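Which chain is which? They are A, B, C, D and E, in the order written, and residues in each are numbered from 1.
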Amino acid sequence: MEPAVELVDVVAVLGAFPVLAGATLRVERSEIVLLRGPNGAGKTSLLRLCAGLLPVERGTATVLGVDLVHDRTAVRTRVGLLGHANGLYADLTVADNVRFWGATVGASAEEVNAAMERMGLADRLADVSVGRLSAGQRRRTALACLIARRAELWLLDEPHAGLDAAGRDELDATLRSAAVAGATVIVASHELERAGSLATRVVQVVGGCIREAR
Amino acid sequence: MLSVWAISRLVAGKDLRVEWRSRVVSNQVVPFAALMMVMFAFALDSDSVLKRVAPGLVWLAAMFSLLVIVQRAFAVETADGALDALRVAGVRGAGIFVGKALALAAQLAVLELILLGAAIVLYDTHLVGSGIALLACTYLTATLGLSFVGTLYGGLAAGAKGRETLLPLLMLPVAAPVLIGATRATEAALGTAGATTSDGWPWIGLLALFAVAFGIGGTLAFGSLIDE
Amino acid sequence: MNHFGPTSTRFTRALGVATILGLGWLAVFGLLLSPDDVVQGSYARLLYIHVPSAWLAYLAFGVTGLASGAYLWPRTRSMQWDRIAGASAEVGVLFMALALVTGSLWGKVTWGTYWTWDSRLTTTAFLFVTYIGYLAVRDLGGSHEQRARRSAVLALLAVLEVPLVHFSVSWWRPLHQAETIERGGLKGLMLFSFFVGMIAFTLLYVWLVMHRQRLMMLNDMIDDSGLDRALAERRNEVAP
Amino acid sequence: MLSVWAISRLVAGKDLRVEWRSRVVSNQVVPFAALMMVMFAFALDSDSVLKRVAPGLVWLAAMFSLLVIVQRAFAVETADGALDALRVAGVRGAGIFVGKALALAAQLAVLELILLGAAIVLYDTHLVGSGIALLACTYLTATLGLSFVGTLYGGLAAGAKGRETLLPLLMLPVAAPVLIGATRATEAALGTAGATTSDGWPWIGLLALFAVAFGIGGTLAFGSLIDE
Amino acid sequence: MEPAVELVDVVAVLGAFPVLAGATLRVERSEIVLLRGPNGAGKTSLLRLCAGLLPVERGTATVLGVDLVHDRTAVRTRVGLLGHANGLYADLTVADNVRFWGATVGASAEEVNAAMERMGLADRLADVSVGRLSAGQRRRTALACLIARRAELWLLDEPHAGLDAAGRDELDATLRSAAVAGATVIVASHELERAGSLATRVVQVVGGCIREAR
């Protein structure tokens, strides 16, 4: 089977700045890869590139068999991205949000409920507006939206930040079971102990390039 | 993958639900528009002039309100990165465009109804029987045209620096033909300054053409406009 | 040291010379040889600048539209089209401004006012602002492709306004001259001077667009070579 | 602790620097305002009317531009919680108010100059010699008044839900006296509709009073307005 | 000397929701206190209350000797808060931002430079607009602004989130030396290992109330 992500010498720019400066990376299906590296190394950019949000300037990039250089949009329904922002509508309730994001990929009501259940949002918080949640509760909602999307490739940018101890354990379990079920997971994180024990492979990002570690 | 139409319904439903929950348009934009009518009356300060220009003022007020509603509609999307999330979710541009434009049209339609009503009362204009059909057509085509233009440029400005100010710059000159057409057609419908109903129908043609052009253009192009 | 070479070629130099000659020719015919108008006297000579600049602005926006279409069409997609579109729009805005200024001056001496709310004048003003908005969007930043795609879509929509301006006189509140020239309102030496003006302005347009377009290409190349340097720098960032 | 005046200078300097770096007002609001003048002329569509109402239109356009600039000025503060940070930093409300109002006034002053110039050319109005002092006074007092009102309500709306739409609703009715006063004074200065310069000076009194009232009121009350 | 923070049975509400439901806490000067607890427990609210941003509904609260019930504003120049948001101006450069926030308390140019130096922002990044920074670089800038403010009471809401390994170490060292110099530090965090080893005392927040732990 083709690899989930295959980047060869990828350069990507924002403004005139090369956020990725020749990144080469290959991720097989069902792997859980941890991206680590200093601030400004290009982790977020790498994830956004894989999600088809950032254009490839030079090099070749294939994600889930789709060539990103030619068509960045085709891959999108099949990946799920949790960025630094949550992508939630503050005026809608938690349930509305999860339902909406689930609906964009045609998730059923049960799947939506299961996702909310999983992140501990099913009872008291379901009908609270997102605008009234604490930071961690919002992050949980965003994760529930992601889970409801049943992606083949999960891209997570510092997913543990803001979550409490229980939420972290729940998240790790979710990611592990997703990987077992055949999904591929790429996590960018600065919490090396936690994310390191979750990952099957650690990759170091420095200066827009990739160095394999461990 | 969902069809464009399914996505449109989803997005429109979401936008209307946001409005239903937050009541921003109903509680704030409607009074704003009404207020604007009063302000115009102030600035002009002469009954006879007012009566003559009432149709123009209605559409001018509608256009400024549109600006505010569009700003709000896209602020909701960009406040927490939801527009990015929509793109990653593979929601196609066409679906977002049609969905947001429909929700916008629905809100604008209500607003314009109030403005027209206010004009008829405030500025003491009269509706002649035969003009009703013309007025209804104007209302429909102009609302659709404005919604399409608003959504298109709202999306373009959404990601940009200083979007609060870029949007009016882009939108107003392009929406101007709608303003002219709708004003002339409304004048004809109301019989302002001796205009007759038959003067109005050619303008409906222009308005319809405009709505169709921007509807199709937006549906085709919106995806590439909001994509980086 | 110049890595990129000048923006001129032998052809554009020849074109430049031809443009200058054409403008000189126009000055001779427009100012000296053509007769005074029966009604407007000497002021009618503004026609030889006013109308060509307005028409060349239309042409420029039309070219922008065509080039944008060519960029968006997958088979002909090339950054070259985007640069032509941008250069043409810039020159078009310039010509539109010239038409507005000469029109205003002309208006002052014939209508007694710089500006009036005639349909042609107003729609012209809108067209002008629309293309200023177009240039603002080109300036928003982002990658070259992004710039090209966004502005191409915008140009295709904006060009729809050109017919609006052209036909507006016949729609309402006409004060401005209706189609005089198409209907053969100009005769003899006046018509000839007008043609000289059209030719001179067309040469000027082509000349400006070629240079501007090449300048843009060089700018893009500088950006790209800047990228190579930035890449080297970025790769040298070290892990702490 | 810094004095209120030092804080004001700091805040005003910061706001002007943001504008200097982003060029939003100069590149986008100015064209927008100019465009608005054209739109009004359009909607009114009669030379004689236009000439009579030109002063009103200038101030109406100034007011809508003010709206946009205020929105931008406070969007900068709330985008990343800087307003909260200012409060925690113990920067007193009075200082924020005066500082932001001054920066606003500076930007508005430039804008109005352009609008007045445009009106004189576009609407074919004439400046009579004796009116210049009156016009200058109008310009000064109205600009200050508008800036104070704008800053006050901008701050009030900044934290609220749907601030894009709340601000116009709050601000326009309160700024209406400025609109009227400035219009009448400008008419007097330009000699529109037979008004003479002496008709104008009482309005300057009103404008000055307004500016002083909102200046003092804002300085005293701003702190408690932006505090939750 | 009076304690840095003394809360007795404090109740605070947001909308109709009691975000603090009778919190009692006493923090001595020079302490480093870790607030831990599940998402939505009220940690952020507690910090905002101590900074004078959230009004006290019931109970008594004294911070640095100032009675918050009577005057919430007097305490503000003396505390520094790093919230979930960074409070930066995206159009200004890093140096402009740090200078501005330093100037609000009259910090000198050297202090501003030292703060930027400390967070590794002095060279390449100093003249970059904040809008072009990565998430972690923004967080570093916000921390530099905080350091330049030389507060007596430091309130930090998940300060480690987003920082890379070097940044975390630098932050911990900064907080320790601030405490040694007499400042008081309260940190809300979900990274229990790291923050736990930094803190001199751990306090558990649950349901808007405080339970001492350890």
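Basically, a contact is a pair of C-beta atoms (placed from the backbone, for glycine too) under 8 Å apart; a residue touches a chain by one contact, two chains touch by 3 or more.
This structure is a prediction, so every number in the text was calculated from the model and none was measured.
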Top-ranked pair of chains - ranking by C-beta pairs in contact = B-D
Message = Farthest chain from subunit D, going by the mean of C-alpha atoms per chain?
response = A
Request  = Could you tell me which chain lies farthest from subunit E when each chain's centre is the average position of its Cα atoms?
outcome  = C
Ask   = So what's the Cα centroid distance for subunit A and subunit E, whole Å?
value = 29
Key: Interchain centroid distance [CA atoms averaged], subunit A/subunit D, Å   = 46
Ask   = Taking each chain's centre as the mean position of its Cα atoms, how many Å separate subunit C from subunit E?
value = 57
Request  = Averaging only over C-alpha atoms, locate the centres of subunit C and subunit D and give their separation in whole Å.
outcome  = 36
Note = Residues of subunit C that touch at least two other chains are 126, 129, 132-133, 136, 141-143, 146, 240
Query = Tell me, which residues of subunit E touch at least two other chains?
reply = 84, 91, 164-166
Shared-contact residues (touching 2 or more other chains) in subunit D = 22, 27-28, 31, 35, 42, 44-46, 161
Query = Which bits of subunit B are touching subunit A when the two form their complex?
reply = 1-2, 7, 10, 14, 17-18, 21-22, 76, 79-82, 84-92, 223, 227-228
Ask   = Once bound in the complex, which stretches of subunit A touch subunit B?
value = 51-55, 72-73, 76-81, 83-93, 96, 100-101, 103-106, 129, 149
Task = Name, in rising order, each residue of subunit E that touches subunit A in their complex.
result = 14-15, 17, 37-40, 44, 84, 125, 132-137, 139-140, 158, 160-168, 190-193
Inquiry  = Going by the contact rule set out above, which residues of subunit C touch subunit B in the complex?
reply    = 123, 126-127, 129-130, 132-133, 136-137, 140-143, 146, 149-150, 153-154, 156-158, 160-161, 164, 172
Note = The answer for subunit B against subunit C in the complex is residues 152, 156, 160-161, 166, 169-170, 172-174, 176-177, 184, 213-214, 217, 221, 224-225, 227-228
